[in-house]
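In what follows, subunit A forms one complex with subunit B and a second complex with subunit C.
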Partner chain A sequence: MALTAHAEQLQSLPAEVPARKGRTKLSASARREERTGFALIAPAIAVVAVFILFPLGFCVYISLTNWPLVGPYHFIGLANYSALAHNSTFVQSVLFTLKYTAIVTLPILVIGYLLALFVRGNRFGATLFRTCIFLPFIVGITTLSFLAEVELQPGFGSANVVLSKLHILSRDTVWVQNSTLALIAISVLVVWMASGLTMMLLMAGMQGISDELYESAGVDGASWWEKERFVTIPLLRRSIALSLIISVVGSFLAFNQFYIITDGGPGTSTVSVVMEIYETFNTAMRVGGASAMAVVLIVVVGIITFVQFKVLRGEDV
Partner chain B sequence: MSSSTAALGAPPRRRRSGGSLYFTAGILISAVFVLPLAWEVLRSFQPASAIISPPSLKSFSHLGVSNYRQLLTGQDDILRNVVNSLIVAIATSLLTSIVATLAGYGFGRFRFRGSGIAFAVVLVGFMVPFQAVLTPLFLELHYLHLLNSLIGLALFYTAFNLPFGVYVMRNTFLQVPRELVDAAKVDGASTMSTLTRVLRAIVMPGIATTFLYAFLFAWTEFLGALTFVTNGATYTLPVALSNVETNTYGSVNYGYLVAGAVIAMIPCIIVYVALQRYYVRGLVSGAVKG
Partner chain C sequence: MRPRQWKSLAATAASAALVAGSALAAGSASASARSTARSAFGVNATGTVTFWARSATDGVTNALVKKFNATHPHLKIQLHLTQPNEASSQLATAIRAGDAPDLVGLNDINVPAFSREGALMNITKYVNALPYKASLSPGHMRLAQFNGKDFGVPYLADLSVLWYNPKLFKEAGISGPPKTFSAMLGDAKKIGALGHGNYGLSFAGDCQGCLGFTMLPSIWASGQHLITGPLGKQKANVARNAPLKALLNVYAQIWKDKLAPHADLAQNGTTWGDDFAKGNIGMLPGDYGFVTKYLGHMPKDEFADAPLPGMNGGPGSTFDGGDDFVIPAGAKNPSGAWEVVKWFLDIAQQKQYPALGDTPVRSDVLSPAFLKQYPYDAVALRTLKHGSVEYTLAYNEVFNAPGSPWMKMFSQAVYSHDLSGALSSGQSGIQSTLDSVGS
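Take a look at the complex of A and B:
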């Protein structure tokens, strides 16, 4: 999922358009500029239209039919959508994804914030520490999930060995046979991976705050905590909103870690929404049902993104 | 830092001990994030039999490259999948950079009717999570004969990296001084030679940012590759590793899995460390892949 912060620039663009809409004749050079500009953007628009916009429309279309993989189809209205409410695995996957999101969001923000405080200055080593802390995010959740899969094995996994030495768990614990333990393991992995991203986003925001504000707060006798409370946090509101939305959207769209580490188990207790869509299409081959779920997901993610635009564009609340 | 502290008249001795305290804390915090990765690199040199026995000092006495050798030459033939991943990642990042640069040039430097609508189209692309449209895309790629195809995969990755790339490149071109473009025009430079000669150096950081994000995305992407590629010879590395993990031949070879994951990890780290200031540029511009 991608997000953007420069919303104010978007508003300035359409303003130019109405002025040129009149039927006034364009000069030859203006016409040439029109043609060249259009030719330059055409490939990008074509690729986005074919591989994003068309599938988006197609998704809505399919979701209104009983689309089979082979043979004719017909429209069934909103039947796929009303079926979702009675689809217990889908409802379970939604509840599980919400629970997972609720668990990881706050730790990612708090740890990311503390790390950003630590690396924001120009102190000796800060650049190196930033790079180190950000590495798990760069390696990516897919590779990390394969490694976690090994280290969570009963008997020889490093996590099992270390936790049994600390007398917390038995060395033979099978994490993926217990939905609570599986969720804990994956949450720890994700918080460890994603805190670095929040750190980078908040650090960039912190570095944009003028030193003069801190200096004048210092002149007024503000303590370190008061400077954080009354200067940093209020001015960081947009960066905090941005990093929260990125992490929430990321959690809503989680798939890899669950597919690789738990395969949705035990039973279907750790199936995320995206995994449920994947299974509905790939295993059950219910194309219409999978598309209806996808439309719901797109709407939910769209609402979060829209709220983000609002927050980023709006004045401080 | 040191100069400003000195200006404030802090005692030099306290400053030094504060600095070393900070550095020590930083090393400890960094270790939390780096040591697990380093541990896995070390593990990948253990023979498969040592990996599945509880870690002890003795289990590190016979380190070697047997996992890598078997993984790259054995029946699993991961080498082919590594090459597939490289082809897709390089094709995606080149294609994304070129198309996004052209579009950024168009949006940032040319006035034309419909540019507002066209840019809105790109922004809609921003908001569509690729995870949600895999079902219709599967049917579309099937119709276009682009399933089980590295080209199909690269086109799919390019499309979902373009909105970010176009956005970055548009902002890059908007920052180019007007006079520079005008001067080139007066000198009689064509649109393309203005781009390739006059503007190249100025827009290179934007291109590096676009390239880096697209490369990392394509190299690590899993769900799309899992959905669109069902033929072992076309698997990318992550999909091949998920097959090692759910081995159909019987027990899982954890040595392969760790070594394969380390292979997947290395290019990300090298590319990121070499180009990290461009990565941070992307973050600061306010757009992020997650």
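Take a look at the complex of A and C:
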């Protein structure tokens, strides 16, 4: 909500700021104002430099070396990057992560939107319902993954018990030994968890839409669907963009659910990119190689986020 | 700026960045008083010893550190417990930052990676001076050696054993735990034939580390290893490894004949051993540490442990898992660290290990009184001298990593019933991994 409001505030700023003609012509008060402004943002710049830019630069540097966990290292140029193309496990993890992202993104948005529609009014029980739907996100994916691991157990896991009573699956189904079933189980878990966040983001956006717009549309004879299509969705564009970006970035960085529930199995079929980076660092102890993977991931996520911004932001309504 | 200067600057910057984390862990110990080291090494040292141990070993570690500090007014241990899976990376970071702890309890399979790079202190002459050296766990000692020198000594043992249910064995007309592979399969069939939901054997079928922990000792007990040769020139010994082939065949038969619970297919180690506690499993190759799950929760006639059997008999074997004591090369109080090590290895402390939840590393701790007090631990300890490890830099990648060649081989042989294909892919997969790591 705050983000959306902030974005709207930014939008309300004058489109054109008068161009300065030169620093020498600034008045003393303007210079003082400039210095004050810089002083105010200096701590933030320092924090970003120390905790984001320096580690990022250092990560890039390590990726250009054969840095092991222990022992000496030397500069090897782009060798770690060229090796990635021939690293079948890494390539597979990238493809798997893309597939996983494609599977969960749309359901999270659609279900989140429908839930937001349901809770946006002040009907009886909406607050309780909202809280219940948002609760899984608060509990967190780590705890949920441990719970899912138990509930997916063959024989006694509740998922198997329920699905066997519905004659959908055998009670002895071993979810984690079948890559398709494992992906389905994890996708359902994540959609259930993340829909609550999307619901909250979209609901906040919906509550910012004036009732007068709906009333006007009603006077013009718009149906419920037409109101949604021509009023709600266009005005929610920024909220939808934010939800999608959070969802896609979160999917690209997925780790806990795969590490806990499948440990990447069966075989390496459910190894996500971040899990592959972790294994390269912690198990294979190849810090240089893991850093190269991390840099590639950062670039890919950056590009996708940039494209999403461009596509989804579009013309403001 | 010349490349060398840039590299130097980067390394300095790296150290500056990395030192922050390790300094937090090391606390103010580096600034505190250190050993005078004027007396003999490891004798009457003073100051502080910063000791890093894995959180998984907190029971014995916390208790004995507390006792040490209470009884040594001039030498104090400052303990830091590392989080699961972070021990190696934290230690490596501290070493790079030049702020290594004085003493570390390091997972023994990770010791070769550090000793090969000269990151650990050579303590050969001090180890040789230990009067009880011959009774120290041979597997732990092997992993602490590099180029004929000792870079560590055993700290605590995490051993694998064969748990079995004497009550079910009796019902099935079996006189005792199996000592050969064929007996193991035969016993599983007899117990499975009892019906009523009884299973011959249970294993952690989705946990590559657990399978390595419990299957490798049977191969060692049969005189073979999966990885042979010195570091840098290691070879996979899979395709012509008769004990391995026979053992995989036993597991494949057990699986095919449904003598193991179907749920084993999903057992990733989280609840490993819990099914045995229900009393309907005949055998469970598992961790000796399960004793805490069984003691007081199961009738005493329903659980007992035995060495993991070899192919054709013999004393059996165990996985010499657990931790080694190592002193990093940059330790500021190595004399104090060695004094701590000797105190932990003293028989008085070793006898306390079982009560604190761990297994001692000295086989000479076995005495009639110890046998009587800890009969289950005694079985594991007796097997200690026959225990072993796979000495390699690539243990984690070969055995423990997701989709490891070891796990692929096991799955292909046991679940897909393709033994010859599994051995073939295991040979190439393990060799390829050894080559890629340079082991």
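General observations
As a convention for this text, the second predicted complex is superposed on the first by the 251 of 317 C-alpha atoms of A that agree within 3 Å, B and C clash if a C-alpha of one lies under 4 Å from a C-alpha of the other, contacts with A are read in each partner's own complex, and residues count from 1 in each chain.
Just so it is clear, a contact is a pair of C-beta atoms (placed from the backbone, for glycine too) under 8 Å apart; a residue touches a chain by one contact, two chains touch by 3 or more.
Source: prediction; values computed, not measured.
Once the two complexes are overlaid on the shared chain, A:F281 sits against subunit B and subunit C alike.
Shared-chain residue A:T305: touches subunit B; no touch with subunit C.
When both complexes are overlaid on chain A, the residue A:F54 reaches subunit B and subunit C alike. Contacts of A:G125 after superposition on the shared chain: subunit B is touched, whereas subunit C is not. Looking at the shared chain after the overlay, A:V176 reaches subunit C, while subunit B stays out of its contact range.
Applying the stated contact rule after C-alpha superposition, one finds that A:P234 touches neither subunit B nor subunit C. Contacts of A:G218 after superposition: neither subunit B nor subunit C is touched.
After overlaying the two complexes on the shared chain, residue contacts for A:V70 are found with subunit C alone; subunit B is out of touch. With both complexes superposed, B is the one of subunit B and subunit C in contact with more subunit A residues.
In the overlay built on the shared chain, the residue A:P266 is in contact with subunit C alone; subunit B does not reach it.
Under the contact criterion defined above, the residues of subunit A that touch both subunit B in one complex and subunit C in the other are 54-55, 58, 149, 153, 155, 263, 281-282.
Contacts from subunit B toward subunit A in the complex involve residues 1, 19, 22-23, 25-27, 29-30, 32-34, 36-37, 39-40, 43, 51-55, 99-100, 102-103, 105-107, 109-116, 118-119, 121-129, 131-140, 155-156, 158-160, 162-164, 166-167, 171, 174, 191, 216, 220-223, 226-227, 238, 241-242, 245-246, 254, 257-258, 260-261, 264-265, 268-269, 272-273, 276, 280, 283-290.
Subunit C contributes residues 3, 7, 10, 13-14, 17, 85, 88-89, 92, 95, 113-114, 116-119, 206, 261-263, 265-266, 268, 270, 396-397, 400-403, 407-408, 411, 415, 437 to its touches with subunit A in the complex.
The touching residues of subunit A, counted against subunit B in their complex, run 1-6, 9-10, 13-14, 16-17, 20-21, 30, 33-41, 43-45, 47-56, 58-59, 62, 115, 118-119, 121-126, 128-129, 131-136, 138-140, 142-143, 146-147, 149-150, 153, 155-156, 158, 161, 171, 192, 196-197, 200-201, 204, 242, 246-247, 249-250, 253, 255-256, 259-260, 263, 274, 277-278, 281-282, 287, 290-291, 294-295, 297-298, 301-302, 305, 312. Contact residues on subunit A toward subunit C in their complex (touch as defined above): 54-55, 58, 61, 68-72, 75, 89, 149, 152-155, 172, 174-177, 263-268, 271, 275, 279, 281-285.
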